[in-house]
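What follows is subunit A paired twice: with subunit B in the first complex and subunit C in the second.
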Partner chain A sequence: MTLGSARTPLRSLLLTGLGILAVAPLLLLLITSISRSWFWPALLPVPSADSWAALIAGTSGGRLSGAALNSLALALATGLLASALSLPLGRALAGLRGWRRSLGAGAAFLPVAAPPIALGIGLQFTFLTLGLGGSFMGVLLAHLVPALGYATLYFLGVFAVYDDRLEDEARTLGASPTQVFRRVTLPRLGRPLLEAALLGFLVSWAQVPLTILVGQGLVPTLAVEVLGLVQSGQDALAATGSLLLIIPAIFMLMAAALAIRRVEAVPV
Partner chain B sequence: MTTSSRGLLAALIVAAPVLVGITHAMLAAFGLTGLAGIEPGWGRAHAVLTDVTTWRSLAWSLWAAAASTVLAFAGAVLIASLFRSSSRTDALARALATLPLAVPHVAAAFVGLLILGQSGVLARISYAFGWIATPADFPALVYDPAGTAFIMTLAAKELPFLALIAFSLLASETDRLEETARSLGAGPLEVFRHVTFPLLWRGLLPATVAVFVFVFGTYEAAAMLGPSRPTPLPVLAMERYAGASLAQRADAFVLSLLALVLALAAVAAHELLRRRRWEVAG
Partner chain C sequence: MTRHPALRLDGLEVRFGDRPGLAPLSFAVKRGERLAVVGTSGAGKSSLLRTIAGLQPHGAGSVFIEGRDCTDLPPEGRGSVYLHQTPLLFPHLNVSGNVAFPLRVRKLPRAVIQRRVRDVLHALGVADLAARTPASLSGGQRHRVALARAIAAQPPVLLLDEPLASLDPPLRAEARDAILNATNDYAPAVILVTHDLAEAGWLADRIGVILDGRLAQLTSPDILFTRPVSPAVASFVGFSNRLDGIIDDGGIFRAGPLALPLPTNFNGPAVLLFRPEAVRVTGEGSLQARVLDVHFAPGTVRLHLRLNELEFQAECTLPSSRAISGGIVAFELDPQHLVLFPAST
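The block that comes next holds the complex of A and B.
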């Protein structure tokens, strides 16, 4: 008993609330996605499979499926690159002590905290100069900026409690640095690498402002398409797109739940 | 290379893109990038920083971020302290609380619009109960100057993240101290007030700063749910950047700098709080 006798009704109320908060959005999106018209004040819409049919047939929803494939490619590439690059970065940062450690952690937190819109506006000129504006590669690199911050913070946390005596032992027994990395470090870090990749995936998957600014409208992604559909009032398609955004993300998150718990300082 | 210089090099690499962005925004804001049409000097920065629109936008974004962060924080503390046992119900509650973490902001904002809009689900239910007659009777929660729908949506969106950290804090750090307090004769409320809550809020502070700066900088939810007067700062920056004239573009750089300065302050606060926590814990 933590809060005395008021606890039980409050607990039931909150549990119900949490259930509604978790399930209602999905249900509402599903209903909206199969609506043709939903006039005031009807509680339920006139059903229609148009938006899903369009998605499969590739008509007006074709933009959505193309964008979803783009998003998937971007998110997978961002996740893999962020994971591979953040391992050495996080390990190097974890070696710092005192004020240098704070500076290092702050540096990794900076791309996470910087508002993407400000980051995009500041970086667009550089991307244009490098010939990366409006290209898939440019958007990928732009997504990599915050993703690398998240993943590096994550590995900083992993290496803060990492015991490298096993590696030392392997060296003592005559293993070369390459052998140590392949036989000892990599197997131990398999799970963190996967989790960092999932974090990077989620960062890229949900990204909007960097995609708009660096992609210049030439690299459609699912999240950007959904924003456009909502703003132009195409609710059924927007709901279909939202479901396509949410469902893979929830699967990814379940796998990455542990990763996010360890990063500690990073909202996704 | 020493451990220390390797670490600092890593810090430079991971922060470099942001530093490049800040540098370019600064040069552009003062007309030093050689773009035709922007006079070099303080002109644009002065114009933007003396424009009341800028400060209203900034104030709105700070208010909305603060309000949603406070709500998410309170919700996370409540849920974490009520559902902390290893029972099935509690584990279910924790799983439900963390599920929305994966929902991208653009989808969360759309759901907020569908539920809280004037012809949204709540308005329709109110009509069914006979409380209102037309959509206009339903309170304007979306696009309203107070940002009600934005705040409620972002609070719900960020609560899972803070709750996740609160769960791990309660699972690891507090048990022993609470036990001690109880054995010294403290009642349940006293334990919460003097042991659980202080540990929880101190532990949650760094993450809370992160949530604040994240909500402050979010673009898509502000564009979908926020008011047009005042315009949320990220939306104002995007509007100016997409604006027709070069002067407006320069304004966007000044606004971006303003947002980045705030993010820098948040990073500093975050590190300070984290260090203090380590010192306390160690």
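The block that comes next holds the complex of A and C.
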């Protein structure tokens, strides 16, 4: 028996375990969301579509659908803004050398590394002073802080290996800086831009501490609402909300993957 | 066509980043002329091209393109196109899109763009690649497409950075011919940098040698390769044998047992330089040297010879039977291929 074949069963076992760990919680969520109750000794849960019906009818789940729309708007705006802002930031950072670059990278890393609760308290003080506490704009800006950190670090990596000689050549071929950006840089960076936007979307979509601290309960989001439902023991609605949290994220991942394939993996 | 040279440098100082670079350069290149700039690696050849193109900051001096002072203009406003050593194509555009790029940014009418792209692709022999993506092209094809894109822009000045260096030997001849054909048609001033003297001699009407941070000689290939202006230039262009000696009052160069009557207008300490090919290994003769080493190359043999304390290389095609390590060979020096300088040069 070779070493490779000896490893195969172990690898299969690990992969199976990983698959179960990934799928089992989702399965439980799905079952809970379509059940009224599931108490021992019942072998199967009592099926019910109440939570979904409530969600669609906008009755008891009406808060969830409103919060989901809020979350979607916040996450889309965070993703787009983080992607657009982190491109020039990452490029500028990559152009620095020595301690300046380390300092810049450290500044980008800080909101990523800082515990969200600590970051949230710091932002809360600042945003309350600026009159942004409890507002959609305040929450958006708060989400943008860690999202921008992640996306800037991502673009720092992209630009560390980015070959800008193509832009040089485009300039000598007669393209103005604006034309170079539009006709050369943007198409080349299509994939990183999409990936950075997706990163920002996901950071915002799942954000709880910053939303609670800066939104002060006035900006409901899906993640915060689901947390409230769990705390109040409404398991079916909480499970439905959790699925709502997962589904758009998966959908966004798939859409981004398709879009990335369409922009044709341009080497940077 | 203007009466001005396509390119004129007037005391241009090329910088190496934050450091001073080349001593001020002044020369002109007219339309249709090809100038090769040669020098060792790191001599500043590429920096010179990038400075002319406006891609890096310069020191004092001016760049004129077709009589227009372009010194402080951005790269896109100069009228020079710079081609990198590795052909860089826009990966998100196909071959046609790449060639059309300089025309599209100039907002030319669609019909003009289509016609010129078709003509240039045809002239460079890549018309059948029009719909292909850069990733699907071979090295030689990428080279020709990059050249086609530059030609499509029809700049008065074309700057080629080591244009053949990234190609395998079989593709070099193809790319070299493509450069010659393409530039013969619309006759830009071509400034190319290379470290390959054979490439420079083949492609260029004039060659400039950059040594020790300055333009040491700028002349036609035949003069450069036969009459270099200094021992440093001579050594760079292949006069690799150096003998230190003296010119006596009778005009004879003497170094050890060697006494050569040479046409000269000075006497005193002198340096004689010659190519290995200037040493003719003969069957018999008064000059005899010991063979210290033999190196074989396709078609030639290089001998490392010693005559008393003098050591030098000889290159010949048909070695005599004595051309073996430790053997003695007779030789003579071809006076046509010797250059002599005062020792103080």
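Some observations on this one:
The rule we apply is simple: the second predicted complex is superposed on the first by the 239 of 268 C-alpha atoms of A that agree within 3 Å, B and C clash if a C-alpha of one lies under 4 Å from a C-alpha of the other, contacts with A are read in each partner's own complex, and residues count from 1 in each chain.
Everything below uses one rule, namely that contacts are C-beta pairs under 8 Å (C-beta built on N, C-alpha and C of every residue); 3 or more make two chains touch, one makes a residue touch a chain.
Predicted model only: the values in this text are computed from it and were never measured.
In this overlay on subunit A, subunit B fits alongside subunit C without clashing. Applying the stated contact rule after C-alpha superposition, one finds that A:Pro47 touches neither subunit B nor subunit C. Of the two partner chains placed by superposition, only subunit B is touched by A:Gln231; subunit C is not. Judged by the touch definition given at the top, the superposed model places A:Leu15 against subunit B, while subunit C stays out of reach. Contact with neither subunit B nor subunit C is seen for A:Gly217 once the two complexes are overlaid on the shared chain.
Looking at the shared chain after the overlay, A:Ala105 reaches subunit B, while subunit C stays out of its contact range. After overlaying the two complexes on the shared chain, residue contacts for A:Gly131 are found with neither subunit B nor subunit C. If you count the residues of subunit A touched by subunit B and by subunit C, you find the higher number for B. Judged by the touch definition given at the top, the superposed model places A:Leu253 against subunit B, while subunit C stays out of reach. Once chain A of one complex is fitted onto chain A of the other, the partner contacts of A:Val184 are limited to subunit C, with no touch recorded for subunit B. Shortest separation of subunit B and subunit C in the overlay equals 12 Å (C-alpha atoms, whole Å). Contacts of subunit A with subunit B, set against its contacts with subunit C after fitting on chain A, overlap at residues 264, 266-267.
Taken together, the subunit A residues at the contact with subunit C in this complex read 163, 165-166, 168-177, 179, 183-184, 187-188, 190, 263-264, 266-267. Considering their complex, residues 1-4, 7, 10-11, 14-15, 18-19, 21-22, 24-25, 28-29, 32, 40-43, 88-90, 92-97, 100-119, 121-123, 125-126, 145, 148-149, 152, 202, 205-206, 208-209, 212-213, 223, 226-227, 230-231, 235, 238-239, 242, 245-246, 249-250, 252-253, 257, 260-261, 264-268 of subunit A touch subunit B. Only residues 50, 53-55, 74-76, 78, 80-84, 88, 90-92, 101-102, 104-106, 149-150, 153, 155, 159 of subunit C touch subunit A when the two sit together in their complex.
Interface residues of subunit B facing subunit A in the complex, by the touch rule stated above, are 3-4, 6-15, 17-18, 20-25, 28, 33, 78-79, 81-84, 89, 92-93, 96-111, 113-115, 119, 121, 123-125, 127-128, 135, 156, 158, 161-162, 164-165, 168, 188-189, 191-192, 196, 206-207, 210-211, 213-214, 216-220, 223-224, 234, 237-238, 241, 252-253, 255-257, 259-260, 263-264, 266-268, 270-272, 274-275.
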